[in-house]
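You will see two complexes here that share subunit A, one where it goes with subunit B and one where it goes with subunit C.
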Partner chain A sequence: MLRSFGWNEIWFIVTAIQWTLILSAIAFGGGALGGLLIALSRVSRTSVLRHAAQGFIRVFQGTPLLLQLFVIFFGLNAFGIVVQPLTAASIALTLHASAFLGEIWRGCIEAVPKSQSEASWSMGLSYRDRMRYVVLPQAARIGVAPTVGFLVQLLKETSLASIIGFVEITRAGQIISNVTFEPFKVFSLVAALYFVLCWPLTLLARRMERRFALSGRS
Partner chain B sequence: MEFELNFAPVFASYELLLQGAWMTIQLSASAMAIGLVLAVLGAWAKTSGPNFLRGVVSGYVEIIRNTPFLVQIFFIYFGLPSLGLKLDPYSAALLAMVINVGAYATEIIRAGIESIHKGQLEAGYALGLKPRQNFRYVVLKPALRTVYPALTSQFIFLMLTSSVVSVISAGDLTAVGSTIGSQTFASFEVYFVITAMYFVMSIGFSSLFSVIERAAFRYPSNR
Partner chain C sequence: MSPSSNAAAASSRSDDRVAVRMEGVDKWFGDFQALKGIDLEVANGERIVVCGPSGSGKSTLIRCLNRLEAIQQGRIFVDGIELTAGAQNVEVIRREVGMVFQQFNLFPHMTVLENCTLAPMRVRGMSRAQAEQTARGYLERVRIPEQADKYPAQLSGGEQQRVAIARALCMSPKLMLFDEPTSALDPEMVKEVLDTMLDLANEGMTMLCVTHEMGFARRVADRIIFMDRGEIVEVAPPADFFERPESERTRAFLGQISTY
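Moving on to the complex of A and B:
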């Protein structure tokens, strides 16, 4: 018997937001750590590190996220490691976010005038102090807007976890669509929920970008 | 315990995989071509169109850019039939990709148009160009050169994202892979090979685009 698309069904989809947010938070947190390592490796003076980081970025930016998800999910299972969809999705999205954030932040680090790092070098600061007190704080200021922009992309990309069976907003929508046979209403609601999550972030990123463009001119 | 990887069934169906890859390239190229037309119209509307059109285009761009591609496909393939528009998987995939890339490219081209200095436009008018000519020769052409790198990376991103249309079995590379995977129980091996194929495709296209860039935009820029 068909269920009607009532408040219970709407509530089921709305509460699935928490899983989208949890997955996004894991991927963003992990990706921030990984991305920092990648970015620092990309600007490192050790060429092995530079090339390794560049290869990592190339592979993750040059292949579809969906396939990265499949390779990790089915790969771990093929080697006898049974993983939950959430675990596989977290690993894949973390690696994916590390590559993208690494590349974004590399650009920000390189945008800090070289004289800054030379000045701190001549003042006798160690590599760690130079990065921590001089270069990274200035790079961070440049990096906030594109990072928020990437967060929007990441939030949307968590929807792919539904394909390996993780129940977040999109998967919840599919489940309800299958039992109510109201795909039009269901996917309108799902799209609206993503929009409500993403649009404020988009606007924020845009405002920060504009403010930075103005302040950078002086 | 031992785990053996079995690539034999994957390589046995290499013809199917190549067909899938061709389908992916074809889908992405068609979507990009139609999407670009949409984007030029959208960018025109957003920069010099009437107010209400500006609002409509902004709404379209914001909705598409702030919702996942997967949900857009579901909406078009499963949702639209209840409005009487029933599409086969291939057309639904193409439509979803056109609508999606159209929104991103609209923003890219709009940014390119806004990078054209206003004095250049006024110079065009002073030379007696009609508004449409002025848009085409003074604004669009130099703007296209400025946005070329962004558009080509958008194309590669589109090609990678197109793997998502496999959820409605649109016959693309990933869809072919899923079929082979479920027939041979060698899912990991299939997906591994397909990932490598996408990698080769994206590297190939980005080299091709940089060759074209060097050939087509060789004339000196004013910057």
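Moving on to the complex of A and C:
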């Protein structure tokens, strides 16, 4: 039952791009939300929040993403909660992205000079208004390039979801490789597809970095 | 006046005469004591210049008045409200106290107009139209109405500092604090900022200025406060301060700064 590596097989892999993109989008969207909460907690004056956020970051930065996937996928199933591979991968990657984006953005928030907060305090701005109008917009400019850089990393990391059976491009490649016995060709194609997705993002990150480096003059 | 009636006057809001009152204020940065037992009363409409060698605590003194610095001991009243009696009061006082910083501290991602309208809209609840009208009025008064739509980085240092003054005035503060407002400026821009401050003084604004501009102090100040090593060493009207300084430390300071 050996199949040849033809257009149908190539098409099967190419269409799996949508699942790689969907998983990336979920993880990035969820991670952005979670990351903002983590970053704000890390710079909070409430020590409970600070410590909780730090603990969260330690756990998710200090363990391999693959094991986080396993723990969530098999762990939830072991407790009788049936989760689909997409759900498990989404949860794991969201938590992972929250930790990393949280730490990246904390750095960006702290890179906004304290004098900006002092000016805000001196005018009586509330915490919310200070963050919303003064600190976060400036932190966002600093954060664009590293954030896009992390998105590239995240997109590649979705390949790990193949191991719990989620059919994105890596898993699609495995399936085709198994039936064609052409692993070199198949995985070269898969790698090329990741490159096509990531390269423009890398260029974008570099361009934004340069743009903000220029406009960053005070 | 007996001490008890003094205290009663200070803690009541009805005394409109007193703008600022500090009682036995101590401030520590770790092991370093920045302020030592500061007692000070500033009347409404009074213009005070605070001077002294660097590290003497003069910036710390005025930064305590809107709680950019917390104090460890003593009490501070601003506009009759006790600053040191809870976070609620801090917010109330900050609305009424304007501050101008050495490095301007304008918001670089906002235009001049946006810098000036943010707090009036968010804190005072003004409409945009109202806030912009007020802001343009103050930009006119600091003589840069044409710069309203520029970003801070497009302005000279002197212009940025005048924007910072206008921004503070847009909140209609009862008291203005100046923390070395001309120290970061190129020499040719010092005068335009001092002129703006002079205008403000002439209009009766209560002002506390930390500055090294002794010409300004002589011309504008009702009283000059000389600080050294965290203490108020001498408080005197300019004439007495410059001609008949009482303290040896004041004389030494004046001797050093007026050499040229």
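Heads up, the rule we're going with is that the second predicted complex is superposed on the first by the 214 of 218 C-alpha atoms of A that agree within 3 Å, B and C clash if a C-alpha of one lies under 4 Å from a C-alpha of the other, contacts with A are read in each partner's own complex, and residues count from 1 in each chain.
As a convention for this text, a residue touches a chain if its C-beta (ideal position, glycine included) is under 8 Å from a C-beta of that chain, and two chains touch if they have at least 3 such contacts.
Note that the coordinates shown come from a computational prediction; the quantities given were computed from them, not determined experimentally.
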Inset, instruction - Figure out whether A:123 sits in contact with subunit B (first) or subunit C (second), or with both, or with neither. - result: second
Inset, instruction - In the overlay, answer first, second, both or neither for which of subunit B and subunit C A:80 touches. - result: first
Inset, instruction - Would you sort A:70 into first (subunit B), second (subunit C), both or neither based on which partner it touches? - result: first
Legend entry - Touching partner for A:115 - first (subunit B), second (subunit C), both, neither: second
Inset, instruction - In the overlay, work out which of subunit B or subunit C sits against more residues of subunit A. - result: B
Inset, instruction - Give one of first, second, both or neither to describe whether A:174 is in contact with subunit B, with subunit C, with both, or with none. - result: first
Inset, instruction - For A:160, decide between first (touching subunit B), second (touching subunit C), both and neither. - result: first
Inset, instruction - Using the touch definition from the top, say if A:137 reaches subunit B (first), subunit C (second), both or neither. - result: second
Inset, instruction - Could you pull out which subunit C residues touch subunit A in their complex? - result: 66-68, 91, 94-95, 97-99, 101, 103, 105-109, 118-119, 122-123, 152-153, 167-168, 171, 177
Legend entry - subunit B-facing residues of subunit A, complex: 58-59, 62-68, 70-71, 74-75, 77-80, 152, 156-157, 159-160, 162-163, 170, 173-174, 177, 182-184, 186-188, 190-191, 194-195, 198-199, 202
Legend entry - subunit A - residues contacting subunit C, complex: 115-116, 118-119, 121-126, 129, 133-134, 137-138, 141, 217-218
Legend entry - Contact set on subunit B toward subunit A in their complex: 1, 3, 5, 62-63, 65-72, 74-75, 78-83, 156, 160-164, 166-167, 174, 181, 187-189, 191-192, 194-195, 198-199, 202-203
